[in-house]
Every structure is written in structure tokens, then in C-alpha cells.
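Before anything else, here is the set of structures, which you'll find just below.
First subunit A sits with subunit B, and in the next complex the same chain sits with subunit C.
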Partner chain A sequence: MDSSNDEAVDIIITNVVATFRTRCHLNLRTIALEGINVIYKPEVGKVLMKLRKPRITASIWSSGKIICTGATSEDEAKLGARRLARCLQKLGFKVRFSAFKVVNVLAVCSMPFSIHLVDFTKNNRPIASYEPELHPAATYRIKNIKATVQVFSTGSLTITGPNVQNVATAVEQVYPLLFECRKPLCK
Partner chain B sequence: MSRASMRCPGCGSSNIVDDDLYCQAQLVCADCGSVVSEGSLAEESFNGPDISYSRTTAVTRKPCVNLIQGLERVKEISRILRVRREIEELALTYYKQAYEHETFLHVTLQRKEILGGCCVLASCRQQRWPITVGTISCLLNGDPAAVGEVYQEMIKVLNIQAPTFSVTDVMEAHCQEYKVSPGHVPEELAEDSKGLTKRAIALVELAADSWIVTGRQPLPIMMAAVYLAWQSLKPNAQRLKMSLEKFCKLAKVQKSKTAGTRITEMKGMLYKLGKEIPWYKEVLTPDNVVSLVGDVLQHRFSLLRRALKSHELSLLEKCPAGQVNPSSAETSSSSDVSEDAGQTPVKSSVNAEKEKQGRDGDESLKSPSEESNPQTQELTQNWGKRVLFAPPCVVNAKRKRAERPPLHVTGDEEISDSEIESYIRTPQEARDFAMMQEKLFTSNNESS
Partner chain C sequence: MSSKVCKNCGSTAIDVDHARGNAVCMSCGSVLDDNIIVSEVEFVETGGGGSLAVGQFVSSEGGQRLPSFGDSYYPGVGSQSRAQTLQRAKQNINTLGHQLQMNQHCLDTAFNFYKMALNKRLTNGHRSSHVIAACLYLVCRTEGTPHMLLDLSDVLQVNVYVLGKVFLHLAKELCINAPAIEFGEKNHDVSMTAMRLVQRMKRDWMHTGRRPSGLCGAALLVSAHMHDFCRTVKEVVNVVKVCESTLRKRLTEFEDTPTSKLTVEEFMRVDLDEECDPPSYTAGLKKTKTQQLEKQLMEKMPDVEDEIKGYQDEIDAELESLRPKLKGVYAAYVNRDLSSEDIRSMLSQQDDNQSDEDEELRAVARHFDKDLDTLTVEALIKLEQKTPEEENECGMKIPERVGPSLASILGTMPSAATLGLPESINKCTGEERENDGAADSGELDLSGIDDSEIELYLLSESEIKIKTALWMAENSDYLKEQKEKEAKIAKEKELGIYKEKKPKSSGKKRSQIRASTADEAIGKMLEQKKISTKINYDVLKDLNIRPSASPARKAESVKSESSGAKLTRRSTKPAQTPPGLSVPLSTLGKRLQPFISRQPMKKQAVESPQDSLCNPLPAPAAAPASGGVVVESGPVVYNDVADEEEDEEEDTCVSAMDLLGGNDYGFDGDDDDGF
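Up next, the complex of A and B:
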């Protein structure tokens, strides 16, 4: 069993979620009035601000906590967050960019073979769980790197983890297990 | 202290008498009436450990009422499902264990009821009694997603392993529900339950190879299989004309909407295989394939092989330049016996070389792995087009949105003012915006 890939498997990062704080109170009405690309949601108590480059959506709370979603890499997320902080500075708030942290990374990947999910679950109990009536994919949770891999029988994988490195490690860890349970002569 | 020696502090007299005030002992001077000394009204303070109020007022501890009710419910569910005694007892044990765990101790009663159903499900699975999550959620009148959630938590808490069932395991129990045996319906429409089950299972196994079963809900597949099996066992005009809805009414089961889609998919698959039957001379369409189901099932391995070969040939005709012979290296490995199909490809002696190329237990071909040819590269991305059977998500692959060119940034670059200005309204714009909002607000108020 050759665990180092003959054909490199492409891991495509689809979403990076990051949070940071501005260390000052923010007036949401001012932001809604003076900002472009801004949606005010008074019922929830937050403002959604969308940046164009990098394509990021930020949820801004009046406490100064901000969540950025939509980036496709950690660096993009950081740049977007800094841009957002600058924007808020320009609007007149005493913003200090602090506590930036990437919280979640979502990636997809496609194996060059189909997978027999029942075998995969049997071989990897209890780390893997598969309930075909509830969800068509088998879930494989790797505790030590806190990553979750969802394996579909077509060979597609969805990986979520706290950072990009963990996501890559998760794919490396799970590849040999999937290779064992591949469906013969598919793809 | 002797009363004789005491002297009243007020008048100095030694005429001290016992004059209890109700229950309080008092020594009083008889001459001036002053109280010389008195006993304490109550006992001295208790010097032992503190005893809480609930302990002092506690009665003998009764077992929790909800636990008893929950256990009764578990028994009820087991009896409705008519499971074996061991399963019922195992379920009760699990329920008791899980109930007392902190994850489930303080949850809502509804969740506790769902927990009861999940315990029954887990014990049925461990004892290999086929039952689906759908059945349990029906019995509990709950949402299958909620049942699934509680089930996963319970498995973690109790640290047990419960193997899942495949569709074929549950098939027999499902077929029993259909009231089409000779006693219930007229002779032409009646079908023996055993024969029906057998054919339905064969259909499901065949469907499993064609990506119809993977990832789908079991009930519509089973319903479609039973319907097609029933039609094909005696393919007379009356049966063939009967729609799924009428069949469900006849059999007294509730029709499932997606079963119709599954029927179409199964007919498509049967059509692809039925085309290869050499003795069928008439024009075959997915509609009239039902009459051939018996033959297809009987000769399914060889028909599958023939279908794969002809598919391969048709692909070669379409793009002769790009195709390379599929590597036979993979074919030599014996195919995994899939649980559902349990098939072993029969080695046909005729034309052994060709057999080697097309021989496999399952539905698809290994792709030519040459990346240099752009045509094959395109095909690799959509392998659904290359193989005979593929899941619908691959055959109708969604076109990828135009990918954003990845920004190569470090995260610490300089941010110019002009970029930021583009996100802020000028003061004039802000004033206009505020005015417009006010106008909208007032006009809304007037209109409402």
C-alpha cells in the first residue's frame, strides 16, 4: 500500500473564519450610516460589512468583537481583517487591531477513487461513524488535531479544522485508511 | 449552686425561691422580686455537624418518576416492535445507564423519550434485529435528525458499538408490510411474500452496484424495488398499467414521493442491462423493460460484463485518439466482495483476453491515467461521463463557479488610504442616505 500519493491530491480551501477585537466600543448606527456595503441587523445587534478584495464578510458587534468569513487563505483573512480595522479607524473609532485568530478552516478534496463507506467505518470504529439514513457521508474525527473529515462514497472529502496545517495533516492521516477501502476499478 | 448561699444582688436577702416562668427555670428573690438567675429556654446549641434542611425533612428516597416512566416507554416500544426478550432487557439496561449520566440527566422529557427509542435501536442493532432509524422516529413521532443526534451522543456516553444495517437486511421486514399475499387481494394481483422479497432483494443488490442506493434514504428504494418486483413477477397488462400510487393503496402502505424517482432510476439501469440481452428482438425502452426483469436478474453478471464492454467500445468510437487500453494491472486484483451484492464474477472461458479487460465485479472502468492528453484530463474531471453507472451528482456535475484567482498575500501588507476611502461614504452621501431613510420611514408609517 503506497501511502505517498502518486498523483497529488488537491486540497482546496473554501473558507477561513477568523476573529479579532478592536478594543473599543463601536457604534453600529454610525457604521451603517457612513459605510458602504454594510447591512445593519438591529434585531441581532450586529452589522455585516462586505469587503471586495479580498472577498470577505465581517460580522461586527458593538462590543468590538468581529468575525471575518469568506477568505480562502489565512493570509487573506489577516489582510481582510486589517483592512476592516483600518476602515473602522477611518470612520472615527479608536481601533486597535488585536487578538487576531483563525478559528476555523474548511477545505474540500477529491480522492481519485470511490470508497466503500461500510468497510471504512468497520475498520475505524469508533473514530469513524456512518449513519446512512441521517447523512450520506461517514464522519471521521481526529481528536488530537481537532479535525473532522467527512468522507463521501464518491471519494469527495470535506475537512474542517482549526488551521490550514491541521487540515493538511488530517488529509495525510486519512488517505491511507481510505486507500484500503477503495472500491475496485472506479474512476 | 445552693440557694442558701446565694444572695440577691438587689437587696442582699438570702430568701431565694424557685419560681419557674412556664418552662424556664428561674431563681427569684422573694423579698424584692428580682430574678437572680434563670435557666436557658432551649437546649444548648448542637455541637455536631451541620445538617441541611433537606436532609432533616427527607423521606426515604424514591426512584425518579421520570426514570420509571421512561423504562415503561422503552418496554412499550420493544413490545410494539415485537423484539426478542434479550433486546428488551438490553435496551432497559442501556436506558438506565444513559439516563443517570450527566449528559441526559437534566434534559427535557422529550429528549428523554427519544433516548428511550435510541436505546431500543442500539440494542436491536447489536443483536442484529433489522430496524431503521426511520421506524424509530415514526414511533417516537420525532424528527429523524433529532433522533440521530441523541443516538450519536448516547453511543459516545455508553461507549458501545452498534453496527448499522444495509438496505437488504431491512428488506424482508419491509416486504412483510405489503398486503399483497393471496388472502388480501384478488388472484391476478396476489404475490407470495417470499418470492416478492427474494426478487426485491435481488433488485436492490443490482441497484447498489449502479450507485442508486449509496447515500439515499432506504425506504423509497425498498418501495421501488418491491413495486418493480411485484410487476415483473407476473408482467400482465393489469399489473404493468398499475401506477405506484394505486399499488400502494392496494398494498395498504403509505406512498413515498421519492420512490417514483427511484423507480425511474432503476428502470434506467435495467434498460442499460436489458439492451444486452441477445434474444430480445423488439425495441427496448425504459418503459417496457419490466417484463425482462426476471431475465436480467438471472443473467446479471454476464449482462453487466457485456454492457461494460459495449460502453467501452462506444467510448473508443467517440474518441479514438485519446483512449488507451485500460490497464489490466488493476483487474488482476480480486474485487472486494461488496456486502450488498455478494457477487463473484464468473470467469468466462470464451475470449479470455477480452474478458481480462472488461472483467470486474462492479460498474466502472479504470480511467486512462495519462494526464498529457487534454481530452482525458477533461474526462478525468467528470468521471461520470466515462463509466456506465455513476451517481447523479457526478453525471450532472455542477459547473464550478468561475474560480477567484487566488490572492497571493502575506497578510501584513500596507493598506493604502484610497482603498479604504472606497468603503466610506462622503459626508454628503451620508446626509442624503439619512434623509432618504427618514423619508422611507415616514412614508411607511403613513401607508400602514
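Up next, the complex of A and C:
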């Protein structure tokens, strides 16, 4: 999904976080002892299981709620989640795959120009905030699509949103504002 | 004047007389209202003939003076507390502001911000010091004073990010758009030079996205050196509060700009026109360049690789002759896998047999640098004759190239899993059929899931045993604790006093103090307990303490008896409530202080048990006999003090000790203070 202008801007999705429920109680000790690539954290009360094929790390709680992180696309997240459920099934739990929801998508994007952050913040006063003493990027929060865009002066953007579509929309929304405040590069 | 309806006759003809303050019904004559309160402004005549309004002006903020409501003392709910809060805030703002040399106008503005925040309840959930600092910083930004958040956090000794959070929250809620921070003007030569340097840095795009303090530090360091002041990096770091490495990095970046090549005089006179690219941009350029170089190298790789392979083969041959036998588990696996691959390849392509082997040998050589010497062609040929069972196991892998299969071998676990594959497949296919039935609404869609790969994630039985043993060994402490907990709960359940797990344990458990005198006991108690800030120990040292009984005795006394007796004792003093055994010392209030004042200083007191017998601490048996001498058990702490209190009551009652003839107790008259 590219922004609407001549040069295509690549949006690379780096992380997709999804949750789902197995609707059954899971014995964490069994999972820890019989699974490969598992880390048991009894003090927190969860098991971390890492899958290799879609590179995914899953936090498994004994209540049956599971959080999957590390996927690079929504489909991959779903595939990984189903794999994980299958794996738990094989361990002997009566697992049901329900309430799968992609909760957060993190993407990065790079503009072909540098950005003057102070001007950008001044033009978009309440929505954008820039505190160089605290963080080097300006934060632009789009309320209606619930996406946050962090703009760096080099032109790199970090976008977080509830799904991939929103992330793309956010980039499209923010692109013209960034274009106004670009810095001409000298060579 | 409310038009009412008469309660008796229901008529609406009501006459209200304000002079008398009456409201009377005209039809039946009943008086409906008496002493009507009128809220009108009244005027009185002053001496000169003018008129003055009656009353006081009361501000909504509560003001300084309380309106008197008949009785002199009115608790003053709400407004008084608010006034106190504002006063405290004003004081804090002024203190902090003076530390930062801010003028009074700024401080007043800050106070206004605070009032706004208070009205909107934004101060809830944050420390008051943080909120004050945030208000001050807000003023600094809006006024444009050269104060940084870092300065404020330095004064308060608080993490700058914590302050930043509060500041952002405040700014957002109050809808105040703080303009961005700018560099300020300074007066000294060094400062001027430093400023010019910073301007130069700005032109060279070094400043965006960076903390201002880092750039300032670098500029100051350079300008100091330019003016022959030897300031070390450490000194600058202390002032600017950035890391040394950051400072060095900024210096290096500045070094890369052409301005750094100028001499001091040239820099003062000339300003170079050209601007540099941002350091991150040049770094990015460098990166792309190196990547390009790598790409080119990669393209040239195959040519070089063949040569290298040739050399490797020769080396292998040499090594073979030296070390012919196989060693290592890996080699066995490799050979086994390779053998299956070999079989396939041989079956399919008879011609390319030799070349396949060579390829695999090379591939193996690539992957196993260390095991080169263990691989021999003879060994491979030997393994050809091994059972083709393994072929089936690795069958699914054969379509893939050598890489993945070797990759699986490199990891021990998966290789073991592949070996155990047939058993686990059979086990799990049986389970599969069971589990599929269980899913209804939460049915698991198995499309696209390769079960065989999932098998890889599960350990075989023997491995499970090994892992269980390892895990148990590692977490033995934790498991022990869990077992003890469960045992305890089971025991309590049996005894019927099992309580549901409370997240907080109420009260602190104190160990019994064993001391021969009460002074010692109290001394130990004070050591155990947190030392109170309300006690003036110097005074304590001066006072005389009456030697008191041995706490050892107390420990034996029965709790219930003592508590019962205690109550009777206490009943003589209506103002006291029987302090529970868990009541902290401080709540016993003033009464205790004279005690405390006396006892602790005699910690080094006589330890002889005989002297330690004192009035309130005869044997428990004597307690009822003496008519209510209270002996308390349990935490000796309170017993000591409580018993000391009992001492005062000895005036009225005769203790067993007196009966027994003990006369060594100096009962000071001042025991009765405040009781």
C-alpha cells in the first residue's frame, strides 16, 4: 500500500501483535517440560514459546489467553497462532481457537527527504508534540484511526496502529504534512 | 415571595408581611410562616449621613479569616483545606523558582497554572513536587527563559522522563502550547564563541533530533580550548549532564565538518557558506556504499569460491590420509543423512554420482569447518549400505537441498526429534482424532498447517524425562517452597482454621525479646523497632529510669488471663482503651513518652534477676491475688511499657511485691504525668 504520489514509499511492517484464547485451562508446567523452545517464568506466571517457521514469540498464560508477537503480517500472525494452538493440542490440551484479534501493528517507513520537526510541530499544534529533551522524534497522534506516527528528522517514520489498513491510511494522511516541512538536501 | 397554598383551607390568598416576617392565610387565618428570612441588602446610616451596606464580603476561596457562625470554632470544611493547599504550593513554587533565579512574574504565572491544574483535578496521582516543577517548566517555556527540564530535575533529584511525563500531561490538559526551546544569549567571550559554534552546528544539521545539552557541551569544550582554558571532558560532562561518549561523538561529528579545519582567527572572521549534510545522512550514505561494495563482492564470489573449493579438496585429501577414522556424533548424523541423499541421488542419476558426492562434500565442508577431517569418502560409501529406514524418515526432507537438512543437524534437539519421528507421529495422530472432535465454535482451521513441522516442537518421551529432571533440579528451591506452602495449608485445613490467602499479612511479627531487666528489654525493643523521630533521645538520657521487672517472667504469663486482667485494670482509667498487642507504640500516645524517656538509657542497667522483680511483674499466679495487677504476655514491647504504666497505678493498689516486702522501687512522683 503506497502513498498517493509519484514516488512509491515503502511501508515495511516489522511487528504484528495478536491475541487469542484457547478456552481451556493450560498447565504451564506441562508445556514447559514437554515443549521445545519454551521459557517458563513462574514468578510472572507465563510461558514464552518461540516458533521458528513464522518467527513468533508467544506468551501463554494458564487461563488460556495467548499473545503472539513478532509476526511480519496479519496472515502470518494468524498462521502462527494456529500453529501454536495445534502444538498445544498435541500436548494434550483440549484447545479451541477462538477470539483471534490483531491488536497492534508496527511499521516503519522512510521519506526521501529530511523534515524540519519544529515547523512540523508548529503547523500541527495540538496533534503533534515534539520535546527534544525527552525524545528525538515528533509524535503525531491521529485520533480517529487511533494511529501514532513518530517522525524523525531524517525522514524515517514509525507508525503504530490497530491494523495494517489503519497504518497505511495514517501514512497517507501524514505525508502531505511532512512534505510541507521538508528540508532541501544539499549535495 | 412564594405563592403557596394554605395547608388548612387550600386557599391561595396569603398575606406576607415582611415587617413582621409573617405569612398568614386570609381565609382561615392560620399562620403559615413565621420569622421569614429575607435576603435583601440592608443599609445603615453612618455618622456623616451616608449609608453603608450591612455585611461582610466572603470570597469563594475561603479567604484568610473564617466567618464566625455563632460558636467560635467552625471546622471549616473544604475551603480551608483548599487554602492550605494553595499556600503550600505557593511556598514550594517560590522556593524552587528562587533556586532557578526566576523572576516574580514567572512565579506568579506558575502559581496561576497550578490553580488551574488544581481546579481541573490534574494534580491527582502525581507527587506535588512533580506538579510544581511541571508548572514552573511550563512558565519557562511560555516565557522563553533559558531553563531546561534537565535543570529542574537536577534540583529535585528526579528522573527527567518522569518530570517530562507530568509536564506533557499538564500541557495537554490545560491546552497550553509551549513553544519549542531555543538557545539563549550569554555574555562571556567563551560563551559567545560557543554560541557561534552552536550556530555553525545548526547550519551543518547536527542539531536536529539531538539533545540540546550534548551540542552545548561540545561547543563549550571547543570554545574553552580555543580561548586557552583547559577544561576536561569530565568537567563539561558534570555541568551538561550528558555521557562522555555522547560528547565525544558530537566532537567527532563536528570534526567531520569543514569548519573544524579553520584556525581560531579564521573561525572568528569567516563564516563558511557551504552547509553539510546531517551526520545521520552521511552515515546512511556510507552504509549504502558499503552495501554496494558487498554486493559487488558477492557477485565475484562464485569465481573465487571454486578456487577455494579446489584448495579445500586438496586439504581434505591430505587430512584423510592422516586421520582416517570417523569421530563425533555429528559426523554420524551427517553421514547418515548424506547417505540417504546419496542413495536418492545415486538412484536417480547414476552419472552424476561422483559430482553429487563432491558437491555434498563441499557443502559439508562449508558447514562443518571443524569436522572436515572426520569426513571421508570411504565413510560415506560405508554408510550407503545402512538400512534405508532413515531414508523414509528424512524422506520429507530430501526434496529440500542440503542446506536445511544440515541446518537441522546443527541443532541437537531437532535432529533427535527427527530420529524419534515415527513414534511421535503415531502417538499424535491418535490424539489428533480425539481433539478434533472437541472444537465446536472454536474450531481450529488446520489448513496450511504442516503437522510434521509442529511435531518438531514437541520433545520425545526420553527427552521429556531428561528435561523434567533438569527442570526439577534447577527449580528445586521454588518447588520446595510450594510444597511447604501446600503442606501448611493442608494442616490448617485440618485444624479448621484455614484462612483464605490474604495478599497482605496484617501486622508485623516480632520475636520475643529475652532480657533480664525491663530497661534492657525496652532497649532491645527500641533497637528492633524503628526509632521514632518524635523522641528526643538526649532528654531521655538525662532522666532517671526506675528499674523494672524481668521480661522473662512476662513471657510465661497467660495471654487470656492478662488481657482479661488488663481490661479490669484499664477500667479504672476511663480515658484509656486497652491497646491490643499489635498496637504500635506510638499510638499509645503521650502516656508512654515519660516511660520511654526513662527506660532506654538504662540499657546497661543491672542485669541481676532479683532486682528486676518489680511491682507489676510478679508471677502470674500473684496477679489475681494482688487484685488486678496486670501481667501481659506476648510482645514484650508493649508489656514493658504497659507494665510501666501499671506502675503508676501502684499508688492506689498494692502489688504482690509490696506484700512480699520488696522496697527497692523508686517510684517517682513524675510518673503520674499526664495520666
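Keep this in mind: the second predicted complex is superposed on the first by the 181 of 187 C-alpha atoms of A that agree within 3 Å, B and C clash if a C-alpha of one lies under 4 Å from a C-alpha of the other, contacts with A are read in each partner's own complex, and residues count from 1 in each chain.
Just so it is clear, contacts are C-beta pairs under 8 Å (C-beta built on N, C-alpha and C of every residue); 3 or more make two chains touch, one makes a residue touch a chain.
In this text the structure is predicted, and so the values were computed from the model without any measurement.
Asker: Both complexes share subunit A, so when I overlay them there, do subunit B and subunit C fit or clash?
Answerer: clash
Asker: Which partner chains sit in contact with A:K53 here, subunit B, subunit C, both or neither? Use first/second/both/neither.
Answerer: A:K53 sits against subunit B and subunit C alike.
Asker: State whether A:T72 touches subunit B only (first), subunit C only (second), both chains, or neither.
Answerer: first
Asker: What is the contact status of A:W61 with respect to subunit B (first) and subunit C (second): first, second, both, or neither?
Answerer: Touch status of A:W61: no partner.
Asker: Is A:S98 touching the first partner subunit B, the second partner subunit C, both, or neither of them?
Answerer: Second partner only.
Asker: Of the two partner chains, subunit B (first) and subunit C (second), which one does A:S153 touch, if any: first, second, both, or neither?
Answerer: Both subunit B and subunit C are touched by A:S153.
Asker: Is A:Y175 touching anything from subunit B or subunit C once the two structures are fitted on A? First, second, both or neither.
Answerer: neither
Asker: Following superposition on the C-alpha atoms of chain A, which segment of subunit B from the set 331-339, 349-357 or 421-429 overlaps subunit C?
Answerer: 421-429
Asker: Please write out, lowest number first, the residues of subunit A touched by both subunit B and subunit C across the two complexes.
Answerer: 33-37, 51, 53, 79, 82-83, 86-87, 90-91, 114, 116-118, 121-122, 125-126, 129-134, 136-137, 152-154, 183, 185-187
Asker: Applying the document's contact rule, which stretches of subunit A touch subunit B when the two form their complex?
Answerer: Of all residues in subunit A, those touching subunit B are 7, 33-37, 49, 51, 53-55, 72-79, 82-83, 86-87, 90-91, 114, 116-119, 121-122, 125-126, 129-137, 152-154, 183-187.
Asker: Touching subunit C in the complex: which residues of subunit A?
Answerer: Subunit A residues touching subunit C: 21-23, 32-37, 40, 42, 51, 53, 79, 82-83, 85-87, 89-92, 94-98, 114, 116-118, 121-122, 125-126, 129-134, 136-137, 152-154, 183, 185-187.
Asker: Within the complex, which stretch of subunit B touches subunit A?
Answerer: So the residues of subunit B in touch with subunit A come to 132-134, 144-145, 148, 151-152, 155, 159, 161, 163-164, 166, 214-218, 330-331, 333, 335-336, 338-339, 360-367, 369, 380, 383, 387, 391, 393-394, 404, 406-407, 409-413, 415, 417, 419-425, 430, 433-434.
Asker: Where on subunit C is subunit A touching in the complex?
Answerer: 148-150, 160-161, 164, 168, 172, 175, 177, 180-181, 205, 208-212, 274-278, 280-281, 284, 413-414, 417, 428, 431-432, 435, 438-446, 448-449, 451, 453-459, 464, 467-468, 471, 475, 478
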